[in-house]
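After this come two complexes, each holding chain A, first together with chain B and then together with chain C.
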Partner chain A sequence: MDNDYFSIDAILAENQKIQCKFKQRIPEMGHLGGGSERDITALSKRQIPIWLAYIIVYSDWADFDIPQPFSNKVRNALRAEPRSVRLSNLVGAGTGWYVFGKTIMDMLGDEQGVEMSEMLVATFKGRLVDVIDQAQHFAALGPVGGGGSGGVDSAPQMFREGLDTTERELFVSAQESSRRMRKWYEEGNGGTKRVL
Partner chain B sequence: MSLPQSLRSSVTPPELELVASQQLIEIIPLIAMEKTAFISGAFGPLQPPRKTKIPLWMAINLKLKKKCHIVAPEWLAVEFLQSCLDEELNQPGFSMLPFRYAEVSKVLLDIAPDDIQSTDKIRSLLKDLREARQAKSREGLDQLNRGELSLSNLCSLEINEIRPFFVHAMGILTHLHRDASTEDQL
Partner chain C sequence: MSADTRQFGDLATQLVMESRRSTQTDALLKYNDSLVRSLIREQRDLERAAEALEAGIDERQGPPPALLIIQTAISRNKRCLLAYHSHRVDHLRDLYWAVGGALPHILNNQDIRSKLSPHEVDYLRQYNSSVMEFRSEFSHELDITASITNPPKDLHVLVHVVKDCGVIQTELGSIDFQKGQRFMVRRADIEHLIVQGYLEEVS
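The block that comes next holds the complex of A and B.
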């Protein structure tokens, strides 16, 4: 969740591709987007991984589009109800929606960047309480219980499957903490664990 | 660090219990003992039936050997807990319970139920209190922002329970936040 050089999450997020629209002709670089042409022609569009896109965008050779996971359609859905969007489906496996969003946000100009930040924060906040609630619920079920809460297609189940990697980490830490508390409250009744 | 992930974020409840065991508690000794020096200080002398204050860990030890009666702290009584519970249910804030009430009350109820009046009632009150307070700290999640979070009168065990994910969530919010003014640095 940070831009640290050694952060695995940040490295994985940079592997995501974004669509770049080149402003000028760049010779001998046609292989970048996986195409078969020799040159990149002006106004052509290519999918470029973010680690490469930085230099291209900052050097003003190309503009980039806001990627699909942050398109207006998704934004509207999130605005309507953050909990109904399955974030994990928006980005590929192994990367997080928030981490990707953060990377894009840092590349954007002021106005768009702030707007994006607001969207990310609002989404995170809107989902947080449910994430924690479910984590605590599952901690209470104990190690055996699993699909207790109303079938495979129920809303909580859908929500859980749609959790982004960042939210999954939170889920795990909340669950672990809650489980520890439970264990402590339940154990040692009658002072059996206290040795003389 | 080689600690498992779960132990890095916060201390465990048993560790908190250990910390709470340093607190002093009043006992009525059933044996005589001279004033004795321990690493944490000198305690005693024990002269039955005079009340003395000793650390909780020592009281636990003596109690399990049936060599003392424990005097329950003032707050571990039905009236006080009931008033706390009422306050908890009617007021938005957390009620003023001792910082380590959860640890101390559990230990005392475990080892010295015979020294406490109406233990069943107290147990159920403590449980209600815990649930009411948990519901409130959950509301605190709603107000979470990247800067600060104020949940005053939260006790040690409760802080410890919510610490891992509150801290984590606040960290994430900090990362996701962007001020218009940070543009210059980019």
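The block that comes next holds the complex of A and C.
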């Protein structure tokens, strides 16, 4: 979840590809992004993983497009109602929307970066209360998504299914925490052992 | 460029995916020696390619983009290699503390032992020495290898012997723990045997 050098999640998040439009010719690197020519020609477009795209963008050899998960359409939807968007659908399985967003943000210039940052934070805050609330409610029942009563719960269920990986971790954590508290309260009263 | 380096970072990703799978299944996987070696070979190839490019640098133009890209690929591989090993070492440390520092319990377990590389075994041994040395400095006041997840409610505990563990010294004298028997003993004396699965607490 963090941007730690050793974090497996951060490393895999940087494998996400972004669309780069090259401004100049790059000799000998034609194989990047699956090309078959020897060189990259100016104005050509390639899908490059973020970890590699950093240096290319910083050195001003290419520009990149904001990826679809953070497009204006998504931003507007989030601004209107953050809980309505299924974040898990926006990015591939196993990658977090927030983690991806953070890595993109690191590559943007000041103004765009701040805008992105504010969007990520506002979205997170807007959704967090529901994530924790549902987790505590479900602590009494079964595991996430297990046997949820279809009809009545369908909106919360859709929300749960749309959680991004970071939110999912928090959900599981909160659920576990509630369960343990409950267990501790129950044990405390009836579980005192008698010393012989 | 040879076919191996067609896509930079592919081997590295494979390695890191193993770390992720290990976390998801909460299991230690076998040390992937062949993949690590392939990665190191790739590093050497990249290094050679970088040196070749370095030789031809034009003072006024600066380093060619290809050089910086290769350097990035080298750093990426390095990061993935380090993360893989660091992740495994964290796992091993957790394992060590879960058995209360009983190193033989881990190393004699063929299931686990077969998954470790020789270096990891060395690491565990050295780690264990350090812990034991540290622990001995205040072992009268506190035993740092005792369990902390379940605070003891009683001084004594009733245990059932699951596996023979032979003669153990306790406050009551030496007791021969044989399978199927029950004893009321001081928790501190046999805590480590519960953690390792020889004794079972009877509630």
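Details
Note that the second predicted complex is superposed on the first by the 175 of 196 C-alpha atoms of A that agree within 3 Å, B and C clash if a C-alpha of one lies under 4 Å from a C-alpha of the other, contacts with A are read in each partner's own complex, and residues count from 1 in each chain.
Keep in mind that, in the parts below, contacts are C-beta pairs under 8 Å (C-beta built on N, C-alpha and C of every residue); 3 or more make two chains touch, one makes a residue touch a chain.
Since the structure is predicted, the reported quantities are computational estimates derived from the model, not experimental observations.
Once the two complexes are overlaid on the shared chain, A:166 sits against chain B while remaining clear of chain C.
Within the superposed three-chain model, A:180 lies in touch with chain B and out of touch with chain C [touch as defined at top]. After overlaying the two complexes on the shared chain, residue contacts for A:106 are found with chain B alone; chain C is out of touch.
With both structures placed on the common chain, the touch criterion links A:52 to chain C but leaves chain B unconnected.
By the touch criterion defined above, A:28 reaches chain C but does not reach chain B. Look at A:133: by the touch rule set out above, it reaches chain B but stays clear of chain C. In the superposed model, A:12 lies in contact with chain C only, and not with chain B.
Look at A:61: by the touch rule set out above, it reaches chain C but stays clear of chain B. When the two complexes are superposed, the chain touching more residues of chain A, out of chain B and chain C, is B. In the superposition on the C-alpha atoms of chain A, the part of chain A touched by chain B in one complex and by chain C in the other spans residues 196. On the side of chain B, the complex with chain A involves touching residues 6, 9-10, 12-14, 17, 60-61, 64-65, 106, 110-111, 138, 141-142, 144, 157, 160-165, 168-169, 171-173, 175-180, 183, 186.
Across the complex, chain A meets chain B through its residues 1-2, 98, 101-102, 105-106, 109-110, 113-114, 116-117, 120-121, 124-125, 128-129, 132-133, 135, 166, 169-170, 173-174, 176-178, 180-181, 183-185, 188-191, 194, 196. Contacts from chain C toward chain A in the complex involve residues 1, 5-9, 13, 16-17, 19-20, 23, 64-66, 68-69, 72-73, 76, 79-80, 82-83, 86-87, 153-156, 184, 203.
Of all residues in chain A, only 5-9, 11-12, 15, 26-29, 31-32, 34, 49, 51-52, 54-56, 59, 61, 94, 192-193, 195-196 touch chain C in the complex they form.
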